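Two complexes, one shared chain (chain A), two partners (chain B, chain C).
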Partner chain A sequence: MELATHIATVKTLTDRAIKNFDTIYLGDPTCPKFPGNISSGNDLDRAVDRVKKLGKKCYLSLYAVPRTDDFKWMETLIEKAEKLPIDGFEVHNMGLLRLIKSKDIHAGLFINLYTKQTADLLKQFGTSRVFPNPELALEEIDIIKKSVQITMPINGNIPLGISDHCFFIDELKMEGSCETLCRTPKWLKQDEWQLGNIGRAPISGYELCMAEYMSDLLKSNYQFFYIYSFRRDEVYLETASSIYRDLIEGKIDEIYAVRELSMLAKFGLCNGYFFKQSGYKYISKRNKEAI
Partner chain B sequence: MGYKYCIIVKYYYYLSMRENKSLEIVSPICSVEDIKVLENYSDGFYFGMAGFSHSSKSFEIDKREIEGLRKATSKKLYCAFNRMPYTADEELLLKNIASVSELVDAVIIQDAGLINSAARLLPVHLSVGVSVISYQEAVFYKNIGASRVIVPPSVMPDEIAAISSVLDVEVFVSGNLCRALQMGKCWWDSYERKSSAKRFGVCSKPCKHITGLTVMGDDLEFIKAMISSGAKSLKVAGRGDIKEVAENCKRIGGIIAWN
Partner chain C sequence: MTTKLLAPGGNLEMAVGVLERGADAVYVGARGWSRRTENYEMSSKDIKTLAQYASVHNKEVRVAFNTIASSTEFPLMLKTIEEFNSYGIEGVIMTDPGAMSLIRDRFPDLEIHASAGANIINENDIKFYRAAGATCIVAPCNITMDEIKFIQDDLNLKLEIFLHSNNCFTYLGKCTMSSYIKQDWHIENGKNRFFGSPNRGGHCNRICQIAWESGESSVKMTNDAFLLLNTIPVALRNGVSYLKVQGREYGNSLIFDMISFYREVIDKCKNGENDLSGYLFKLNELSKRRDVERDMRTAGLLKIAKSNSEIKRIEI
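Moving on to the complex of A and B:
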């Protein structure tokens, strides 16, 4: 069993934040301008060194929606990273696949993986593990899993898409530095649902929570789990990851885990799209109704 | 008199340019009747395959109707299979593509794996939902067999020039174009409601209610920029009102003639 998450900067790459994780995706793939973003090459050596000293795996997460001009700096970054003791790259863009020469590739969620055919294609280009598109139902992911290893998201605010321009600066014309504007999500509310924006990506207001279904996932032989953590702090990362660790090791039960995880969620919990429903709903395994 | 003469000359220049197929106008159709309305203004037509396209059911057509289209026109026919299929339906989708391969000039697909498979059967155009915004992505898709890309509206003219050195480029010049997020890399709609825009075709555009980021893309300067960008094909959107589509095609033809 493996537990993974993203850490955007060296500043947030604390022992406390990552102690319960086995694999760290270094950087925030949604925006190269996010201050200190390891995805843009900031403090990459230090970040790799820190993760490796703790005996964990690390993958450099590459910017998800590069335009033609972005490939210049990204190519240089990839060349540099290939010389470091990273385990591989997380790639969200098909155009980047051929640039990676000697390291493992994990396909990130923005690569838009919906089908087994695409999983097979990605394998041909050196991808060993894929992140299914968040819209996929569990039964579809089960089919794709026959082709390639799956990174299974189990908790956190689900990214709902991506843009290559900033919601705050380019659209709302907000003033201020990225440091200030992007420190926390801006929350939006419409009728019964909430969502947030982290600059170039909207995220769900309700947090994905699969604690009730962990035993089913393990029985189905899922091994690589992931917690969404864009703009979350070390307290969240430490708490959420330790709850899942304890749950998997049988130290706590599912009801307790869900209760604890709901306390971390600003607006409440959801199951995402796993059960062929609207992404914001939560279906309890026991009650089969929203809680 | 001189002004009218100038218009006539430009019009014939425009016709000759279309004759040379240097710049193509493609428009949406749902029937043979639509072809009759648009025949004089379009070089090609696109439509959705029943059950597999990114449009609502009422605008999709089946194989028998496609046979009718083929008999009705010698112009290009582009059939959209651009819905993201359920994993269980992947083989069915490929069978359907094979079944129309003799009838259409190309298929429009969104999923990378299916593009790779379908390109062995017939020319494949990348749906706007593939969201190709760079030269390097275009190279990837060229290598797996694509021949044309329909680019999102956020792609700038100089970027189109770079992409068109690899693949033929088709650009939207009319229609309600989404610019809130990268087209195709958004599942906001199904967070709010059960049906996914990528699975069922029609997006409720939740971004519009909150951010107002959905914009019309058919202003004159935008169209002029697209014409001179190196694009091979100009795509007119707007299923439902065929007279409006015809008017748009005429207007865009006029703009081409004047540029």
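Moving on to the complex of A and C:
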């Protein structure tokens, strides 16, 4: 069993934040301008050193939507990273696959993987593990799992897309530096609907929570779990990961876990798209009703 | 290389009508498989009729299979494409690279357009999609001259540029905001329609166009439609293969006028006329008519998204 998350910067790569995780995806793939972003090469050596000293795996998460011009700096970064003791790269763009020469590749969320047939194709390019598109239902992910290892998201605000421009600066016309603007998500409301935005990516307002279904996932032989944590603090990371650890080890029951996780959620919980419903809904295993 | 005008066929009348008005090729949606709702897709029977008409008039037909199928739907997709291939269509429009790879193996002579939903944004992406089987690439927004040359000269691929389409806040093909708010699974003739998912079912609830409350203010996300004019002489000079007008979901009258307009402009440019300022007034008129239809459709889609009923049949 493995538990993973993203950590954007060295500053947020604290022992407390990552202590319960086995694998760290280094950097924020959504925006190369995010202050201190390891994905842009900031403090990469220090970040790798820190994770490795704690005996964990780390993958450099590469910018998700590079244009041709971005390859100049990204090729240099990849070359440098390949010489470090990282375990591999997290790739969100098909075009980057050929650039990885000697390390493992995990296909990230924004690679848009929907089918077993594309998973088979990605394997030919050196991909060992894939992040299923959030729109897929569990029964569809089961089919892809026959072909390739799956990173299974179990908690957190789901990214709902990616943009090449900034929601804060270009849409809301906010003034200020990225350090100030990008500190927390901007939350959007329309009746019962809640959305957020972290700059270049809209995120779900309701938080994915699969605590009630962890025993089913484990029975189905899912092994690589992931917690979405863009713009979340170390308290969230420590608490959410600790709850899932305890749940998997049988120290707490599912209902207790859901209650604890709901306290971390600003607006409430959802199951995403796993049960063929609208992404914002939560279906409880026990009463089949929204919590 | 001759640049061709590629026009939408939201129904048989529109498809034949755009060819009559000077389009060199028409693209239509296979029912259940394209990035539009079923009102703007065509039955097998109509696609057969269209393919026969196009063949007689030396025109081309492309069929859009550009929603992303579920893994188990591939045998049905292959069977459907085999049927259309027997009608004599020249190509298909696809998004999923795994699907492209299968189609390339099974139908080696079929043109495969990598759809805008494939979100091809750099030269290495283009190499990947070529390896997957694509023979024609939809240009990324703000494509550079170097990229145009690379696609056509270095990789020997065809290139398609939109004259009429729209830009969303998120990259096309990677947005799941619509299905986050409302999604219904609905299987018809073995194909899931994935209502609410533009990537998988062709129905976008356009929730980005709601006035979202953000603190004291409200915000709609970018979703700008565009009609290009000055790109045409540049595209012709650089031998771009297809100039595409998006719009299966618009009324026939508007699309007929758009195609007649672009046919005239392209022919003028081919005859060496580069000053297109005389066409600006007509372009603005088309733009206004387009916006009226688009706004009405957006309002209808949002109304459905807000209702408690399942999406199922869409009559907008």
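Methods note: the second predicted complex is superposed on the first by the 291 of 291 C-alpha atoms of A that agree within 3 Å, B and C clash if a C-alpha of one lies under 4 Å from a C-alpha of the other, contacts with A are read in each partner's own complex, and residues count from 1 in each chain.
As a working rule, a residue touches a chain if its C-beta (ideal position, glycine included) is under 8 Å from a C-beta of that chain, and two chains touch if they have at least 3 such contacts.
Computed from a prediction, not measured in an experiment: that's the story for all the values here.
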item	value
Three-chain arrangement built on chain A, chain B and chain C clash or fit	clash
Which superposed partner A:D45 touches (first chain B, second chain C, both, neither)	neither
Partner chain(s) touched by A:D233 [first = chain B, second = chain C, both, neither]	neither
Partner chain in contact with A:E179 - chain B first, chain C second, else both or neither	neither
Contacts of A:W187 with chain B and chain C, given as first, second, both or neither	second
Common ground on chain A, meaning residues reached by chain C in one complex and by chain B in the other	65-68, 70-71, 93-98, 110, 112, 114-121, 133-135, 140, 143-144, 158, 160-165, 167, 171, 188, 190, 193, 195, 202, 204, 273, 276-280
List of chain A residues in touch with chain B within their complex	65-68, 70-71, 93-98, 110, 112, 114-122, 133-136, 140, 143-144, 158, 160-165, 167, 171, 188, 190, 193, 195, 202, 204, 273, 276-280
Residues of chain C that touch chain A when the two form their complex	68-72, 74, 96-99, 101-102, 119, 121-129, 132, 140, 144, 146-147, 169-171, 173-177, 179-183, 185, 196-197, 199-200, 207, 210-214, 217, 219, 221-222, 306
Interface residues, chain A side, partner chain C - complex	65-68, 70-71, 93-99, 110, 112, 114-121, 125, 133-135, 137, 140, 143-144, 158, 160-165, 167, 170-172, 186-191, 193, 195, 201-202, 204, 273, 276-280
Contact set on chain B toward chain A in their complex	84-88, 90, 111-114, 116-117, 131, 133-141, 144, 154, 159, 162-163, 180-182, 184-188, 190-194, 196, 198-199, 206, 209-211, 213
